[in-house]
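Note that the chains are named A, B, C and D in the order they appear, and that numbering of residues resets to 1 at the start of each chain.
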Amino acid sequence: MRKKVNQHQLEGWINHVQSFTHLGKVPDYIPALAKQNPENIAISIVHLNGECIKAGNLEHTFTLQSISKVISLALALMDQGEDYVFSKVGMEPTGDPFHSIAKLETSNPSKPLNPMINAGALAVTNMVEGSTPDQKVGRLLSFVHELAGDNSITYDEEVASSEFKTSFLNRSLSFFMKQTGVVEGSVEELLDTYTKQCAIDVNIQQLARIGAVFANEGKDLETGRQIIPQHYARICKTFMVTCGMYDASGSFAIRVGIPAKSGVSGAIMGAHKDLGGIAVFGPALDEKGNSVVGMHLLEMLANREDLFIF
Amino acid sequence: MRKKVNQHQLEGWINHVQSFTHLGKVPDYIPALAKQNPENIAISIVHLNGECIKAGNLEHTFTLQSISKVISLALALMDQGEDYVFSKVGMEPTGDPFHSIAKLETSNPSKPLNPMINAGALAVTNMVEGSTPDQKVGRLLSFVHELAGDNSITYDEEVASSEFKTSFLNRSLSFFMKQTGVVEGSVEELLDTYTKQCAIDVNIQQLARIGAVFANEGKDLETGRQIIPQHYARICKTFMVTCGMYDASGSFAIRVGIPAKSGVSGAIMGAHKDLGGIAVFGPALDEKGNSVVGMHLLEMLANREDLFIF
Amino acid sequence: MRKKVNQHQLEGWINHVQSFTHLGKVPDYIPALAKQNPENIAISIVHLNGECIKAGNLEHTFTLQSISKVISLALALMDQGEDYVFSKVGMEPTGDPFHSIAKLETSNPSKPLNPMINAGALAVTNMVEGSTPDQKVGRLLSFVHELAGDNSITYDEEVASSEFKTSFLNRSLSFFMKQTGVVEGSVEELLDTYTKQCAIDVNIQQLARIGAVFANEGKDLETGRQIIPQHYARICKTFMVTCGMYDASGSFAIRVGIPAKSGVSGAIMGAHKDLGGIAVFGPALDEKGNSVVGMHLLEMLANREDLFIF
Amino acid sequence: MRKKVNQHQLEGWINHVQSFTHLGKVPDYIPALAKQNPENIAISIVHLNGECIKAGNLEHTFTLQSISKVISLALALMDQGEDYVFSKVGMEPTGDPFHSIAKLETSNPSKPLNPMINAGALAVTNMVEGSTPDQKVGRLLSFVHELAGDNSITYDEEVASSEFKTSFLNRSLSFFMKQTGVVEGSVEELLDTYTKQCAIDVNIQQLARIGAVFANEGKDLETGRQIIPQHYARICKTFMVTCGMYDASGSFAIRVGIPAKSGVSGAIMGAHKDLGGIAVFGPALDEKGNSVVGMHLLEMLANREDLFIF
């Protein structure tokens, strides 16, 4: 049963959450993110019929950060197949932080528990087809262009370069996985690709449209062409449910119940099979790393429209 | 959009999985379970209109074991409220085994990660109203009678007593939680209640009907009376999605995508909002502790009827 | 080369450390210990020729607490032999806290890493010969009488009973080990024995004399009779070096370099092969659980008399 | 009380352990080590008066590997002082494997538990004075020349280069510590220095002589000049006692009781205050990574000469 929200509702919700913009904290450990204005907030929904509504600061762009993990997973599944991908990366949620390395050591066999934690995402990005970082990044961007229906999207060089210089923990995870055979090839090239992938820069409407393709079982909204095979789109949405919101995935599933993926830039992308793609944005984060404003917007949306899927 | 399955389909599936009955292993660490015949298999669906279909060995009864964790969670939420329950037990899935104690020590604050692992389930059972084990068990049984619409259900004394005598790990978990303030009162009384709760004895149709109440948002199928408040029924189903199938919860969500809870007796209870309650049974377990036949039945059901919910 | 200290030196040191008596904290989690006066401090040395010197509050008695782990280890080795004891308990130091349970779960095979952490000490006490707690406690007391040359020593019933009532973590450890086969028999009886063993009550001179038997390679100071076989006395001293001072064992070995065992009552027992037995006492503890005054006294003694053994 | 062993005894022991040369396994994960002949075994003792005795294959040279950790620790202490070194690296033994990373994550503050595990040794090598890897390696070699009294010692380029190419786990550890501020500067330069340090190539007599300087409290055997300050030599010997033999440090302390450091090349260096420096060699390793022949030689030596130090 298709559901719809209208422009007026979105504007009401945006007004309501203005009072939360200064709760939470803009993260300071990524210099390029630290400069963001917490009052730049936005929401957009792309319905399954392609209709787009939006409210808030619509010009502002932001980087995908961890939201890109869902996109690289879809592409790696298409490039390498399900069996190969899950021979290297697990399917299970974890109670450990997204950047944790301890489980790589204590699990037997050693593989990252799922593709939404950093270790798993690095392993997945490493599987994207391409013999150089440029080729891989090029393919990731082309895929994003298809999903968003917009060929102008690119990555933010300043953010990518700033993260590349300070990604010591991701290098640690990658070298650990190189030791155990989960990652092959050059770690520096992997980090180059990964930081550019995380730095892909979008606006609120583009993000909602990407979410809408997942909501639409992988099919282009207008042409109905299967951009992502249905089964892979479902795999991606399942990981959004079980591990999409960092250490708050379980409580988010209870309180909101929409497949969603969060990024440290303050964006969250949702994909609801009866409603469509959802994008919310607000730079100030709660202690789990999720946008405070974004969480409020999704909770309001879910409760008022009864979007709970279980 | 309501979905339906017919008797004939169930019988076909039961015939199909006969060839899997001797894959997997009947667990030998609980003497009362070790005697089970792996060929006693069954399936039942209770549709949302109350109609029940079933196939396989319909007379055989089995104990709820870990499936009871969903039921005690619903009752504890009704007895103590959401805030109290989740002040003691977390909401997050975990990559650790269901019987693990290590995270109780390394998490800060120390609380069981969720109500589906043993530590969390013990803490939840301890919250069920009642001043003695008899009162608590009495209330749990009355609640099961309401859910199943059958007042004859009781617990298997032999199974309960056998598990009570050998539950050293659950005592270890309980004493650890007594130290940290998650569990209060007598550990021996808690184990008495818990092992009886796990030993509640049902047949396949009764289990499907319990599942149907969860599927029906907590409402009685005939009268529409709200046996479990909607919000609590949803909480229970969310935990079934994120942590219902032990260490295979993540891959089950991908392959099957139905909220479900598994027990070591070989039963699995599902709750699907468009179909109803589902119960499958087969005593031989895979290495994750889930019924081999049960997993096959649910996978067939999900794929043929397209029950994937995300 | 035998070393000697004189009465005058001890008195000087005791005067010097008076200024430290109010650093650190008297632990409040054991009610019977919380009442101790931090100014009750004492030191005693029993030289290898049997000569005893002492200074400070000589009347005050205190319970052995963890120091008893060395004594029960010696008795269990004599009762069961080295092979049996170390089939159940390891020989390796650990970086985890003395009360930790996580390693019991993650080690394969599951055995406590050494006899100085609580899990290992409980397993060792369980091996002391005797069919009832009374018999085991009786044998432990007789052994202490022999070591101290004083048949009047007994346990403090109030301390024992207070610890018995609140030993939830030790019960958790014991039940975990019962599950894995490291501990046999009744956990409640084990806790009864263990809390009485920890509550054995001595004065400063008695403790120094016990240490002197270990220093003297297990031989009675006067008669030369081998109370503990030499090899077992050495095993005990080795554990005092590698794991005797909780999480400060490594830094203590560097700064002091004397085999020593600490207890939460504020006592420390040392055993130096060229000097003899050493006992120091002061109830206020540092954050690692070692007596602040005791550590200062041992550091002064070691540096001024050059007792470093490596 | 000085102790002495004679040439004749050494030869008897070498003959005795011939029968053990094919127990254990020559490690195959370092190609340059995999080629070693397990029958190339040797022992040497350098007494405190400078007299050297030796038996077995005296021409054969081998790389220091982890034995170099003791040497770099002494040099880092001399370069940076005790306070600085131990602000970055702990003093406590650990029950985890020498290459483990999990504790870096779970310890708070994050620092390697001690300088004998790989993480700690990498941090220590990083502290050796010098602005380039060449300068640091040059200083390490000069220091080894002084200790061994032999300026011809250098590192094995093939071993160094082979380890440099495959040190993924050490890179993982180093990047983790770069993230937490324990390690500064270039990780590749650190690995360059570290793999050359581990590849320093010595014969059995040179190694025994290095051990003798530690045994002699840091003083040159002939001139009495203090090459290593006494306190630092003692610190090094203490770590040899508590963590020198990988995961067998505790049982080695019980069975042998001599400060000793083991390397994966099959060499072990001992330092006994009454006897002098001890070197044993045999390429086949037991499952803990210690030379099978070397362990037998040390155990025989300790028991026959009663070298137990506690």
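One rule holds in what follows: contacts are C-beta pairs under 8 Å (C-beta built on N, C-alpha and C of every residue); 3 or more make two chains touch, one makes a residue touch a chain.
Which chain is which protein? Per UniProt: A, B, C, D = Glutaminase.
No experiment lies behind these values; they were computed from the predicted model shown.
Undergrad: Using the touch definition from the top, list the chains contacting both subunit C and subunit D.
TA: none
Undergrad: How many angstrom lie between the CA centroids of subunit A and subunit C, rounded to a whole number?
TA: 55
Undergrad: Just give me the whole-number Å value for how far the CA centre of subunit A lies from that of subunit B.
TA: Computed value for the inter-centroid distance: 32 Å.
Undergrad: In whole angstrom, what separates the CA-based centres of subunit B and subunit C?
TA: Each chain's C-alpha centroid was found; their separation is 48 Å.
Undergrad: Among the residues of subunit D, which are close enough to touch at least two other chains?
TA: Within subunit D, residues 106 contact more than one other chain.
Undergrad: If I apply the definition of touch given earlier, which pairs of chains qualify?
TA: After working through each pair, the chains in contact turn out to be A-B, A-D, B-C, C-D.
Undergrad: Show me the residue ranges of subunit D that touch subunit C in the complex, using the header's touch definition.
TA: 1, 90-96, 103, 107, 113-114, 234-235, 237-243, 247-251, 253-254, 257, 259, 273, 308-310
Undergrad: For subunit D, which residues are in contact with subunit A within the complex?
TA: Listed in rising order, the residues are 100-102, 104-106, 168-169, 171-176, 178-179, 187.
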